[in-house]
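Next come two complexes built around chain A: one with chain B, the other with chain C.
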Partner chain A sequence: MAGLQSQDFARISATNFRPPDVRHDFEVAKLIDVSKCIGCKACQSACLEWNNLREEVGINRGVYDNPHDLTPNTWTLMRFTEWENPQSGNLEWLIRKDGCMHCADPGCLKACPSPGAIVQYNNGIVDFVSEHCIGCGYCVKGCPFNIPRISQADHKAYKCTLCSDRVSVGQAPACAKACPTGAIVFGTKKAMLDYAQTRLTDLKSRGFKNAGIYDPPGVGGTHVMYVLQHADQPQLYAGLPQNPRISQVVELWKGLTKYAGMAAVGFAAAFAFVHATVARRNDVSRAEDREAEHLIDEEAARGRKA
Partner chain B sequence: MTNSWTDIKNTDLVIIMGGNAAEAHPCGFKWVTEAKAQRGAKLIVVDPRFTRSAAVADFYAPIRQGTDIAFLLGVIRYCIENDKVQHDYMRAFTNAPYLVKEGFSYQDGLFSGYDEAKRDYDRSSWEYELGPDGYVQVDETLQHPRSVYQLLKKHVAAYTPEMVERICGTPKDKYLAICKMISECSARDKTMTSMYALGWTQHSKGAQNIRTMAMVQLLLGNIGVRGGGMNALRGHSNIQGLTDIGLMSDLIPGYLAIPKDREVDFSTYMSTRGFKPLRPNQMSYWQNYRKFMVSFLKSMWGPAATAENDFAYQWLPKLDVAGYDMLRTFDLMHQGKVNGYFCQGFNPLLSAPNRGKITASLSKLKFLVVMDPLQTETSRFWKDEGVHNDVKPESIQTEVFELPTTCFAEDEGSLVSSSRWLQWHWPGQEPPGEAKTDAWIMAQLHMRLRELYRKEGGAFPDPIVNLHWPYRDPQDPQPDEVAKELNGYVVSTVTDPADPNKVLLEKGKQVESFGLLRDDGSTACGCWIYTGSWTERGNMMARRDTSDPGNTGAYSNWAFSWPANRRILYNRASADLDGKPWDPKRKLIEWNGTAWTGYDVPDIAPTAKPRDVGPFIMNPEGSARLFSRGLMRDGPFPAHYEPFESPVVNVLAPKIRGNPAARIFKDDLAALGTSDKFPYAATSYRLTEHFHFWTKHVWVNAVLQPEFFVEISEQLAAEKNIQKGGWVKVSSNRGTVYAKAVVTKRIKPLICDGKTIHVVGIPLHWGFTGAARKGFGPNSLTPFVGDANTDTPEFKAFLVNVEPSNGPAVS
Partner chain C sequence: MAVRREEARTTVDRYPGRVRVNHWVTAISLILLAISGAALFHPSLFFLSSFFGGGSNTRWLHPWIGVVLLASFTILFTQMVRYNFWTKADTKWMGHIGEVMSGREENLPEIGKYNGAQKIVFWLMTVSIIVLFISGIVIWYEYFGASFTIEQQRFGHIVHALAAVAMLLVVIVHIYAGFYVRGTISAMTEGKVTGGWAYRHHRLWLRGEAREGVIDERQTPLRGHNTRPAE
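And then the complex of A and B:
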């Protein structure tokens, strides 16, 4: 994890930090062209190697996905979906490299209560800074893509760093470096968008009428983008959200901190509740969600009174 | 490969059949991606399973394993019937217009000359009709009923789209769509490349699988051109080097033949290797055979090889059978006729067929030596690993020596890629522990054996005591020394006969090209096709120049490509009869009126006039063979034969089981299973996450694909009540394995001859050593039979039964 002094920041969690200027021309992006991906897992391998992660040797559960989900040690994962295209009658094997999307408007960062535990660099990379992480799991709740994982060993959150250490010295992320077919490419966001257009032309010439770029506006766009053959149906690709947004709970929570600051009376209660909700499991039921919203509303109201 | 990995970017159509390039060759596959992205090339995949290659293909069609010849003969039929043939190329550059002798025939699945008892052919009728001048008779009109063209047309007539569907299970509409896509590449400005691997070789008719596609490519005019060719994707990084260097029981380096018993002296050996041209003016390059052979013998025995002793020809081993291939060797071991066995970079307990027989065979050895960088199952074949290696160590007396060797990243040398590129590499780190290079180990053995022979004599000490051993440190020959020896050097100075002051070859210098090798003992050369790889200009294999004039994909100054740094074989055929490129956009070489010039090293004499000399200079007729004469054991044309274990009978020749010319030992014939007990058609393959049996030792790879599994269709799973991720028991007539079930839409039942055929996919990567979970290999199940020409085992098509199970522990 890069130190707080080493790079320019666009945002820092749970602070009033505002960047002096935002240099969007420096924004980077990783483009994952699903149509070129052969699912070889070289990216997974490179990620484990570069980040010195040691995943467990698992078992086969009847699919090619291994491990079976993202974990504190598996920051990227090939997800394989077999889909019979009702229009062409053809089978398609849709293989998507899952991992942090590095949202321009990062829900994890907004949700994080610990100052400096999550940062966004000016280049757009969203990074977790372990020494400031308190393991509360709010980032998990804040993420619309279900990416961060909390380690049972050190109770800290982990996810893809977009190889911020490599990028800061002018190298592409390890996964992009390892990809044998050029399905993962890395550059400025603008260059990636331009390049993606050429891929769409090619895909449309091959009959993929709905080929498109996945750069969802609901999170302000992302610094990891996909070229999809069926961009009208992103959910085909192992449940890639159609229109990801930061959960309202987090937006409210963020609104609260913004309004009243960390000293608000309601903080402790809200913290306790949200912590209990998200630290237990990574996902939260809808009922719990509604209850949380209600509670936070109440706390916010109390905070205003105080 | 006739072409190279980098050349694939030049193609218009890639057909992956008999391979799975994205899965097994992911790095090379980038050139397919390149052709698709930059040229709009299309990709066709034909495979029993919807593979990782199919995932990025434009068109996929299923095929039952072991029926590729029927599919491709049908493609030939389609091309001829629809006039999608590159006619000028076919007439001028293939043997289509040549006449075949009277007496050649094909009926009921057999060619003329079959001897059922010997399972072999008298091939004398599979020959051209020669005129009184000794040249082949030709009918340029292609109308003669005994012309190769007419015989071929007749031979493929049975393979209608309906018949292809009946045999292969490929739906007719998909099949015809593929025929159309392929046939479009008969245009002069369109090329197709064929990428294949073990999916074609590991069959009892593997060589003919490849030949059939080569015939398709010849009819389309796609051999010798950019973006075309027959491109074998080799399974190990240096397996191309293995064959080049002659590590086959019937070969010596440079594809020269090991003498047979009956070739009692050098003149007898050479008498059948005259390679007299079969058409006027032809080069028939093998006329230089004697130069290559004598230079090889000089490299082996140095000063002891003299003209007087036939250059020590007598010291070469002589074969009393066609070859001591892996299957024959293990069969002999099984009979108790083998005392000791050296396993160098080889794990036969998992890679030879019918594991039960392999275990029994190894148990009969007195000693086994395993040289490997890793622990192998073979070196522990005696160890009781429960269900994963169910043996009784106390009953096995074989003494096993395990010699740890360096791996490719710890030593220096060259690796030959599928592209025929010899690429020099340097060590990345010091070898661990006591690991030694293979060369050091072999040198130690040689020095000790030589000493014993010198002291004690023996039945035949000459080849060993006289072996030329000129290394700086005889105990440890270095890679540069061996490489220079392979390239060849001048033994004694040669002067111009017309001018004795003019030195043609200077003693001690490296030979620049194999055209300079001589048959009088004045040159030595370990492997003639490697000449040019280490010359007086230095180590050509170490070159790393990425310049590519004309953007042809040749990269001529990157490493060294055998032969003669030629990047595309038969490149003369990229130009028309007058030497102009068929497609100006794909120029490789052209005739400028006096010489051949262009981007690649011409595959013809530089001043050979276009209409005089044919492009296929290694053949005495100067043309490529649609009819292969007597050179293939199982027929001059390919014909459809079922695998030895097949779920259906051969509909074209119901009496014939398997390939009628493939050798099968008696016990192994008895061990074949039948579809009443073993109803499902199984096939074996590799996965991207692993490399053979190596990477299961690597934690990361073990994480990515941890556990042995088999793949079956949703339909078969439902029929047998098998759960996704549940245990299954898979058995053949030779063994049983337990695996997790991957239930997938990517395998679908096929309908062949009206019968539903379920395909079972069995990957190969697991054993009982390493970081991954213990498992099995497909070789516990596969039959002990190989290809009629190469004896490569039939790993790709066999019969199994599949049942739900509680797993190995409690079943």
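And then the complex of A and C:
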């Protein structure tokens, strides 16, 4: 996506200043109710259509997942899991719509080295700004959900934009608009959390006692949330992480290393400068030039004898 | 390699052209790598990417410059490694490093082609270049993004950053030593140093070179052959 020219930035990648809050906006969120999903992939189609993307014709590997993973063109993907519930003995078909979670504390943005290539709008949407993207793949390492994909065609990173272009003109994301069962709903984060509570009441009344909202605090909460029937075991849903957070290695790399590295190099350069200014010159004296001549004569004579 | 008695001075050959070419290819690649790497390392230095035609160009050029550096340093390594094995004299010399830094070299043991500090620089450069190359491959996303797990790539990044900082520190020592110890730079620009310089800093090496023979370049050239004006 290109930048929306809105200046409603909460964060800008690789930028030292905090952008001024020109305007305040509601935090938005998309709520994906896994218990209502029928796996029709209308959301996938709507995503391709609205964003004018085409996926290559793939191959069938005996599972419903199509394509098999997120790609630079597939920004959202239904992941199908068949799970036998040991308590009820039921076979449960857990279908999770995978894609960018729009973290409040986005690892991609933290890892990005290019100023303004990743921005977070005041409404919480994390967006990639392609004209500033350099294709380094750092966002891939920053992301705790393994979402960004780098195109081998134009060497830019791609992921779900939460239809930031639609949201900016008051429309819901294309996937939410297309969902035939109302499994995907969109609104302010507060409204979505309130609505999710009604879904939990319903699910619990039907025996899903561990039903819950997936809004992981390790990344400051997300602007894409799930209603899960088994919120105590999110990993059941095609490996949804239990407690996602930005990797400690990335935090160290983008934190302490960045400053300590700059300081160490700066200190060494400063030491060289001070030493050059105050230390006695290390220069060859006239006497050493003369003694060198004697030594060369001596050694040359020795060399001739040998 | 030889000692030469020139008209106004005595010089000792230190580096033939093939070593100097490798040294400068390595040096130029290293500076380009440091600038492009710094651009990707810290947001405040991202403007350095404009020297390479923007961020995307910096992203793809940096690893290829690294390949050039690895190739030229590998050759440099084979040219220099035999002079860089540690001796007892090096340990003794390192004990006097403070005196060297104060411009006093009277109490030092006689040293061959390289002193202890130079050998440490050589080996630290070797190790950091190997570490940088391996970690660099792990994070070379365009070609190796699918070959390593994301977790491995995360470690690759931090190792690459730390090794780069370590190497920059070694390079700063190396460059500064070249300027601080007067008369050193000509070894890599003209390929030779003065007799006095060799006597002061690498006397054991000077002995060996002198024993090989002294070329006297002072005699008047044969009549008719002197086509250049007298200097």
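The criterion applied here is as follows: the second predicted complex is superposed on the first by the 246 of 306 C-alpha atoms of A that agree within 3 Å, B and C clash if a C-alpha of one lies under 4 Å from a C-alpha of the other, contacts with A are read in each partner's own complex, and residues count from 1 in each chain.
Heads up, the rule we're going with is that a residue touches a chain if its C-beta (ideal position, glycine included) is under 8 Å from a C-beta of that chain, and two chains touch if they have at least 3 such contacts.
Please read these numbers as outputs of a predicted model, since none were measured by experiment.
Novice: I'd like to know which partner A:193 touches here: chain B for first, chain C for second, both or neither.
Specialist: A:193 contacts neither chain B nor chain C.
Novice: Tell me the contact category for A:141 with respect to chain B and chain C: first, second, both or neither.
Specialist: second
Novice: Is the number of chain A residues in contact higher for chain B or for chain C?
Specialist: Counting contacted residues of chain A, the larger count belongs to C.
Novice: Output check: A:45 vs chain B and chain C. Expected answer is one of first, second, both, neither. What do you get?
Specialist: Touch partner of A:45: chain B, not chain C.
Novice: Under the stated touch criterion, which partner chain does A:238 make contact with: chain B (first), chain C (second), both, or neither?
Specialist: neither
Novice: After superposition on the shared chain, which partner residues are touched by A:253: those of chain B (first), chain C (second), both, or neither?
Specialist: Touch status of A:253: second partner only.
Novice: Once the two structures are fitted together, what part of chain A is touched by chain B and by chain C alike?
Specialist: Residues common to the chain A contacts of chain C and of chain B do not exist here, since the sets are disjoint.
Novice: Which residues of chain A touch chain C in the complex?
Specialist: Interface residues on the chain A side: 14-16, 113-115, 117, 132, 134-138, 140-141, 146, 150, 152, 155, 247, 249-250, 252-253, 257-258, 260-262, 264-265, 268-269, 272, 275-276, 279-285, 288-289, 291-293, 295-296, 298-300, 302-304, 306.
Novice: What does chain C use to touch chain A in their complex?
Specialist: Going by the criterion above, the answer is residues 3, 9-10, 39-44, 46, 49, 54-56, 58-60, 100-105, 139, 141-142, 145, 150-151, 153-155, 157-158, 161-162, 164-165, 168-169, 172-173, 176, 179-183, 194-200, 203, 206-208, 210-214.
Novice: What residues of chain B sit close enough to touch chain A in their complex?
Specialist: 22-23, 26-27, 29-30, 33-34, 36-37, 40, 50, 52-56, 58, 60, 688-689, 699-709, 723-726, 740-746, 771-773
Novice: Can you list the chain A residues touching chain B in their complex?
Specialist: Within the complex, chain A contacts chain B at residues 35-42, 44-45, 48-49, 54-64, 66-67, 82, 84, 90-93, 95, 180-183, 199, 202, 205-206.
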